[in-house]
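Here the chain labels run A, B, C and D in written order, and each chain numbers its own residues starting at 1.
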């Protein structure tokens, strides 16, 4: 029996659920963020992984926001290959200025008009983050604009809240580099549960490489299309441990099936009576069903515990329609609601960095030049969410 | 004889009748009769199987009424799910009582044997069979004295129970060494739980 | 093999379109520390419109890697200055 | 065609509903002398592929039952198993007549985060009803967790809601002075491990639960730890040290971008 495969023991969820306040239905605390006295503009630069994005956002006097532009260029590697930090940084250096110019043109603004320049401080890949920060600093010095270092994940959350209007959702952040269940509490996005080893997107991308799926537009997208043709559910280790999840065992197990004598790489039976076969589509199908069920489960546990009925899915893997569908089924069972976004905002982008950056700027935060370094490790719960009650 | 209903099973499996017999004298011929009945041919065979259509359980291995009823419940549940490991619900009760999955071992240990002197006899059936009929049929098959189930715990061979359930080195037993009655309660607790979860203890 | 006191020293002088641009390049680049501070010493300065960078490294290989990375950063800053410099200069401060 | 267990559930009284399971009070037979039991039903999850849902539910019912049996054999006070229908995801266990420790300690009664002092009197009264001083209760908690860890069972969700005191009126105590007994419940997230790390984390989760549910309960948890230390004997040193590390590490994993 392959289940449940206990992931190698590691620290269980530390922020114990009871840590979080039960919601206080009556008292909606006043948000410290006052409406701006005039329109505010910010440009956001994102390059923590293989996508370079630049976006301009506008905060209006009535408290609403409007996305003036959101331009992105993705570094796509040939099938069977992942993106390495050095090559990704080269891609960002080559494309950044073009994308920034395009985003300013589309927004019909110049650098002089922005109130601050926001960049991803982390987490992410070292060389790509540093290249983007270098550009941000140069622009900041050139136009004498304040710099705002932004946590990549907080960017995803704030953009998600703004685009979807979710009030206080449980956030499932699933991407190539991260897997976390997050809930807001006392001016901090607390990590409720997370992966004990690799991120779910990383697991999908690496399996896509094993069966040579294209990376264009993204390996995860191609796994999803392949999974739709899958018919057979193959058992894989289902590894949730409290609020945490683990994917490395599943990746090993699904890769092992490709050496199974029943595996047909081309997906076709050898001959008429070659019935008991395993196709790449079956593996993609089984992989998705197992890992998304795990993600929905830890999200539901977080919702049950803090009594929330809203779910916000952010991060590249959040674009996956099967994950959204499964989350919706779970939410409906709890009379809850799922907020998901399309690929404009789900996938890494610059506008989310502008949004989170402008919020903290309007609360008086600024990153001094000397502190405008980047970091590969920047935990979501290290950010002081000053703009929320 | 005691009778009760199982509340949520199909009618033909909803009534349970159980009696405790001591001073059982003819257990060897009863065992032979059961073996013969299982293979007898034609209408006579049917009638014989009907006559002995009970579960004959070694009373000295039963630690409490709860122990017995847990085995009955799980056996009837298996019947409703078409998941019997043995031929009938009555043989399934005996299988459920044995800590291992080995059917012949279960029959040998928990079923009637040539040396059985005390038996628990159980009949699972529908409401169509009156308690009087069941009791009459039971008495017709077993030569012994019916006693109330309160006597059960005096008959229990606790050493055999501990041996079969491998409770020798267990901490729970060590902790209770001074108080024999408490130790029996602990053994009963473990045995009842083991029987209840046998379907998943594999 | 060099004894541990022998450091390789390389000095690079890079002229910029203006002193302001050279200063911007210096400030932008110096924020990120060298990855191996024990084996690479970096000093940056500006004289008029020239950015001067001096690197002391323990090994020749480190000299190559450090200078290469530095020049890549300079290239990025220069291209950014070229792209946005004019727009920054001609805006009349209101 | 509904199943016997689903009919049983329809006839039972729903007590509570968590993310994964609904809990009921039920009776298996018509005999009044048969005591009621607690049913935990891991209901089907619509979002999961039926095959995956089935095998997962079976595995979890089995896991929880095995953990309970392992504890029973090791002498840990846990509810006995009364009935199992793994296919339907139903686990029947002994109904514990008593009160959860959470409700017996200050701050535990109110659900609201800042349950003010008003819950103090109720908690204190309740505790009197169980005729046990707070410190003795902490001792029982420490001992019971130690016995569980000595059997290499990790609970996985230790909170004061997952511990109960048996009501003296329905419990024949063998203890010289105490007329109640502490019972650990809800082994839904438990697993087998002999690692010091897992035992330290179990304690850390309880410590966090204590501090967030019961205000200024540091001294209470300290006495739980002392009793745990005594009962663990030579195994305590490593676990105690690791608990320090776990406290320092706080949220454990640094996150690669």
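Assume contacts are C-beta pairs under 8 Å (C-beta built on N, C-alpha and C of every residue); 3 or more make two chains touch, one makes a residue touch a chain.
Quick caveat: nothing in here was measured; it's all calculated off a predicted structure.
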Considering only mean CA positions as chain centres, point out the chain farthest from chain B. C
Tally the contacting C-beta pairs at the A-C interface and at the B-D interface, and name the larger one. B-D
Mind checking the centre-to-centre distance between chain A and chain C? Centres are C-alpha means, answer in whole Å. 34
Between chain C and chain D, the Cα-mean centres are separated in Å by 61
Where the CA atoms of chain B average out and where those of chain D average out, how many Å apart are those spots? 33
Of all the residues in chain A, which ones touch at least 2 other chains? none
Following the definition at the start, I'd like every touching pair of chains, please. A-C, A-D, B-D
Of all residues in chain D, those that touch chain B in their complex: 3-5, 7-8, 11, 27-31, 34, 58, 61-62, 65-66, 68-69, 72-75, 80-87, 92, 147, 150-151, 174
Residue positions on chain D within touch of chain A in the complex are 18-20, 45-49, 51-53, 55-56, 59-60, 63, 111-114, 156-157, 159, 189, 191-193, 195, 197-198, 201-202, 204-205, 208-209, 212-213, 246, 249-257
Within their complex, state which residues of chain A touch chain D. 1, 3-4, 6, 9-16, 18-19, 21-22, 24, 48-49, 122-125, 129, 152, 177-178, 180, 191, 194, 196, 233, 235, 238, 241-242, 289-290, 293, 296-297, 300-301, 303-305, 325-327, 329-330, 333, 376-381
Can you list the chain A residues touching chain C in their complex? 93, 97, 101, 110-112, 130-131, 133-135, 137-139, 141-143, 369-370, 372-374
Taking the complex as given, what residues does chain C use to touch chain A? 23-25, 27-29, 31-33, 72-73, 75-77, 79-81, 83-85, 87-88, 91
